[in-house]
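In the two complexes that follow, subunit A is the common piece, with subunit B as its partner first and subunit C second.
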Partner chain A sequence: MYSRLSNVLCGTYFIAIYGFIFLPVAVLVLYSFQDGTLPIPPFNGVTFKWYSEVFADSKLMSALANSIIVAVLSSIIACLLGFCAAYALSRYRLPGSAFQRILITAPMTVSYLIIALGLLVLFNWMGIRLSLWTVGVGHVVINLPLCFAIIYASMGDHQKNIERAARDLGANNFQVMLLITAPMLMPSILAALFLSITFSWDEFIISFLLSRFDVTLPVEIWSLLRSGLNPKTNAIGSLVFLLSVGLLIILELFVFRQRSPK
Partner chain B sequence: MTADVSLLNLSKAFNGVAALNDVSLEINAGEFIVLLGPSGCGKSTLLSIIGGFLAASSGKVFIGGKDMTSVPPSVRPTTTMFQDYALFPHMSLRDNVAFGLKMRKVGRKERNHTADTFLDMVGLKASANRKPHELSGGQRQRVALARALSVSPDLLLLDEPLGALDMKLRRQMQDELKAIQKEIGTTFIHVTHDQEEAMAIADRIVVMNQGAIEGLGKPSDIYMRPQSLFSAGFMGEVNLISGTVTTINKQQYTIKTKIGSFELLADAFVNSEPQVGKDVTLCIRPEQISARSDAGRNLKPLIPAKILSSAFFGTHFRCLLAPDLAPELRLIAHLPQSSEMLQGSVVDLVFDTANMTVLLSA
Partner chain C sequence: MSVDSDHSLRKAWYFVTPAIAWTIAFFVIPFAFMVSVSLASRVGRQIVYSWDLDNYINFFSKSYLLKGLFVSLEITFLVTILSTLLAYPLAWIIAERVPKKWQRIALIMAILPFWTSYVVRSYSWLLVLSTDGVINKSLLQIGIISEPLPLSNTTTATVIGFVHFFVMLLTLTIYSNLIQLSPNYKRASADLGANAFQTFWHVILPLTLPGIMVGAFLTFVLCIGDYITPQILGGNNELTLPQIIMMQLGRRADIPTAAALSIILMGVVTVAYLSCLRWLKMERT
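Moving on, here comes the complex of A and B:
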């Protein structure tokens, strides 16, 4: 009796929590196939016309390309800088290392809006024109702390001894980093890379405030939304979601699974 | 390849605390040296200084006659075998062993060939394509050895390499290490806190305590003729009995102790000149004491003692005894496994005075 009740409660909770998270996405995806002009009930039938319109829209397509370029490049830079910072802070005795660590991770606690405003003021003052580059800089600023935190957490003393062995066998510092440390930490480096690509891919406020003519996909979607709801926005939203899920699956398959057997 | 090593007046302090105190040591090319001592005695510090991982506060390191004091580890003709193996987890065994050659710009074909030869030497040629995590502890240890030897170092440093292995495997690896060392002739410096391991593999043992060398010599000398009270106590069990030199009579010295008088030759005095009236300590190994009934020889003196407890150790009975003349003292004796040692019974002890040693009292 008691266990049946708890089973029912657990089931309800399960449905509620996943429904809460995924129902909006499901509705979004469903109405991207809406045969009609409004993405609202009733559902009139299935059509792929909105998707073909998305692929025919050159502004959306160039925004998509921009988003991919910015996400990949800024994430690689953020990972590289994060790895170097983590290596330095875990392998060398630096002045005020605790303080430096706090300083590097601090942007995680600051809202994206504040970071974007700060960068906007700075670029204005320096006379730098807004472009995809400035968006990229903004994304490095928000993703660097994340990359640093993930990579730093995986650097332990055991690897220190392995690096010592490499040095003992004749490797110089650069070779140790390139041939030993980076490959050993590859799972966490990839995790950091994929996470920051996903974050950059989704990011709106910084991209909105720091771009002008070339914009990223979330900004383009936002300007589409200003002209009202349209199944086309649902279609592009579904595509964005699909890509994020794809990245997540790659991450799970190639990064986290590799770790588990050890 | 091989080289001699000389260490001159090495000292090292960590934040003002001395870890090594004026250590000097000459090691011949091709020798198997074991640095033996309790944890914190400075043996690992000394090894790190020889390998170049630590800089000495003062003193010099010469390897093959060349001053290596301020040469970084990557350029020294030394390699190290670490206690936790420190294999590269993302590389196959072949790539692990070939890594040092790669750093020396040896071509892929040649270095893979050399790596296979060394993997063959340690019996792992068939596993060359496997990764370290697929191996057992003993196999990883062998890969670490092959990797360290693949670059033909003049000097191999072994930092408690067998510490993580079980007893049986450790014995087996000791024999293999010794055999490989004899075969290739490279100088080995091996750190351990296990005196049995030290005796099993060393050409010479260096006993260390509190940052200084307490004894140096062949395993049998270190055990039979310890040069300090610490060495005597660290190399297995010993009975230390204080006494005074009373008479000298034609190379025969009488030492009076609480449990009786012993007559010894001048040769027994390891670290001092015999002198009447001097306070000394007798070092008696448990196997140098026997009960009269099973001694067979006419050894002196006879000292009656009561058996307080005895335990069977396979090769012998380990007995705790209280001598009648000084019941507050405790003697440990290893008596033959065939003897029936009853608790509470009194036995007449005889001492093998020919092999006992005398040290200056601290």
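Moving on, here comes the complex of A and C:
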């Protein structure tokens, strides 16, 4: 069907672009094992020294813990608020519901820098000290529209009949939401949750501007960069990559796989 | 429809209110604050509300501020075009030439580095592009160049870092568009006598154009607002607008100017959105 020339061309392009995509990651991981003080060629041999330095670095480790706490907590709050709003707006005819939908999804259209700056001005004015809490507030702001949009989009009419059946059988509104709607929508709720966690985990600018002493991992890595090229930065970078890929595999196996047979 | 009695409607308000309240408290109000601060000015370390447009007038009268916008726009347009041109063939190859059961894994592999931390990804490119980095060392070794190329701390490095990120994003969006197309289009086109290229050019490409526009718009928005990539890879030579905004915040503690510049940045994005609206709307039909 396709000529040999086009097969060769496609194959070459495919390999070249994958090479481009993986080049920086490969270099990052390779030189995290560098037996030397600089993560640049020539490669001197394998050592795990930099990884043990990463684990011995209390600032990095507390930043890691901070990142996980902020990501998980802010994502749970965003998901909860998003789910409740999506449930109410798709199941009831509330006055001004179109406007409410626009309002909730509005932060999605604004860059993180502007959200961070706005919160910074507000917190300054109110005299609220910057901490992990203020970072968490910012992360809920960016993830709430995402969670709402994902969950709202999956609330279809076919679930309405099941909910009505549950109501006929005597369940109250709260029971319907908790025992019928939430389990039926679990794949999209989990997708929203994990996506929020990865966004919050990776977020830099809000964390940078809204934190002071306790920082998240991207901010701590950022301050490591001031010391220039360093195999230790490679090591923490590789670990972050590993963690993110792990999260992605969980997402793929437990969340998206379940939806694909439909 | 569900029973919309007054009672259950009130319950519905309970459910929707927390999200609305959060959005108003931590998005709408801060935004209003930022707009009002952009109309103030900095006197010493104090913010004085003078309610004038000085910060905006400054933007157009001080050339280094205006230049930041042009640098940002230049980089963003270049990145959007390059990324689309590189991503489309890859998405097409995955959708058309890779066997069905391998497509998902090929796609996941293509966007795997997407999930590295944003800061780490830019740092990785610094490793590759720096004067002693992999590319320069390899080229010197082979003997193609005798002096290391000045790759890092240039706008070129910023563009490379951005293109790397957005090729992955666009491959994902374009692939999902290609895969949704019914094979009947191709069959019909072939039945009517079109060759493979004609089918692609006159049928497949126009049908995926809305998807491309959505991806390109996303690229534009994310690229023009990004601070990390130009800061790590571009250095301080040609400052982009977000870099200048962060400089106002950090070194000069000038929140009013930073706020005004951010609103200008938002205005640029809005203009881009309005000019893409025609294509963005097409997707819904």
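In this text, the second predicted complex is superposed on the first by the 259 of 262 C-alpha atoms of A that agree within 3 Å, B and C clash if a C-alpha of one lies under 4 Å from a C-alpha of the other, contacts with A are read in each partner's own complex, and residues count from 1 in each chain.
In this text, a contact is a pair of C-beta atoms (placed from the backbone, for glycine too) under 8 Å apart; a residue touches a chain by one contact, two chains touch by 3 or more.
Values in this document were obtained by computation on a predicted structure and should not be read as measured data.
J.: What is the contact status of A:Pro39 with respect to subunit B (first) and subunit C (second): first, second, both, or neither?
T.: Second partner only.
J.: Please indicate which partner A:Phe22 is in contact with in the superposed arrangement: first for subunit B, second for subunit C, both, or neither.
T.: Once the two structures are laid over each other on A, A:Phe22 reaches subunit C alone.
J.: Check whether subunit B or subunit C contacts more residues of subunit A in the superposed model.
T.: The partner with more contacted residues on subunit A is C.
J.: Could you look at A:Ile180 and tell me whether it touches subunit B, subunit C, both or neither (first, second, both, neither)?
T.: After superposing on A, A:Ile180 lies in contact with subunit B but is clear of subunit C.
J.: Looking at A:Ile104, would you say it contacts subunit B, subunit C, both, or neither? Reply first, second, both or neither.
T.: So A:Ile104 only meets subunit C here.
J.: Scan A:Tyr112 for contacts with subunit B and subunit C and give back first, second, both or neither.
T.: second
J.: In the overlaid three-chain picture, which partner chain does A:Arg4 touch, first (subunit B) or second (subunit C), both, or neither?
T.: neither
J.: Between subunit B and subunit C, whom does A:Arg226 touch in the aligned arrangement: first, second, both, or neither?
T.: neither
J.: State which residues of subunit A lie in both footprints, the one left by subunit B and the one left by subunit C.
T.: 164
J.: Show which residues of subunit C lie in contact with subunit A when the two form their complex.
T.: 1-2, 4, 8-9, 11-16, 18-20, 22-24, 26-31, 33-34, 37, 86, 89-90, 93, 97, 108-110, 112-113, 115-121, 123-128, 130, 132-134, 137-138, 164, 167-168, 196, 221, 225, 227-228, 232, 242, 245, 249, 255, 258-259, 262-263, 265-266, 269, 273
J.: Taking the complex as given, what residues does subunit B use to touch subunit A?
T.: Touch residues, subunit B against subunit A: 51, 53, 72-75, 78-80, 82, 84, 86-90, 99-100, 103-104, 133, 147-148, 151.
J.: Which residues of subunit A touch subunit B once you look at their complex with the stated criterion?
T.: Going through subunit A, the ones touching subunit B are 158, 161-162, 164-172, 175, 179-180, 183-184, 186, 262.
J.: Touching subunit C in the complex: which residues of subunit A?
T.: Interface residues on subunit A, with respect to subunit C: 2, 7, 10, 13-14, 17-18, 20-25, 27-28, 31, 38-42, 81-82, 84-85, 87-89, 91-94, 100, 103-104, 106-107, 109-115, 117-122, 124-125, 137-138, 140-141, 144, 148, 160, 163-164, 173, 177, 198, 201-202, 204-205, 209, 217-218, 221-222, 225, 229, 233-234, 236-237, 240-241, 244-245, 247-248, 252.
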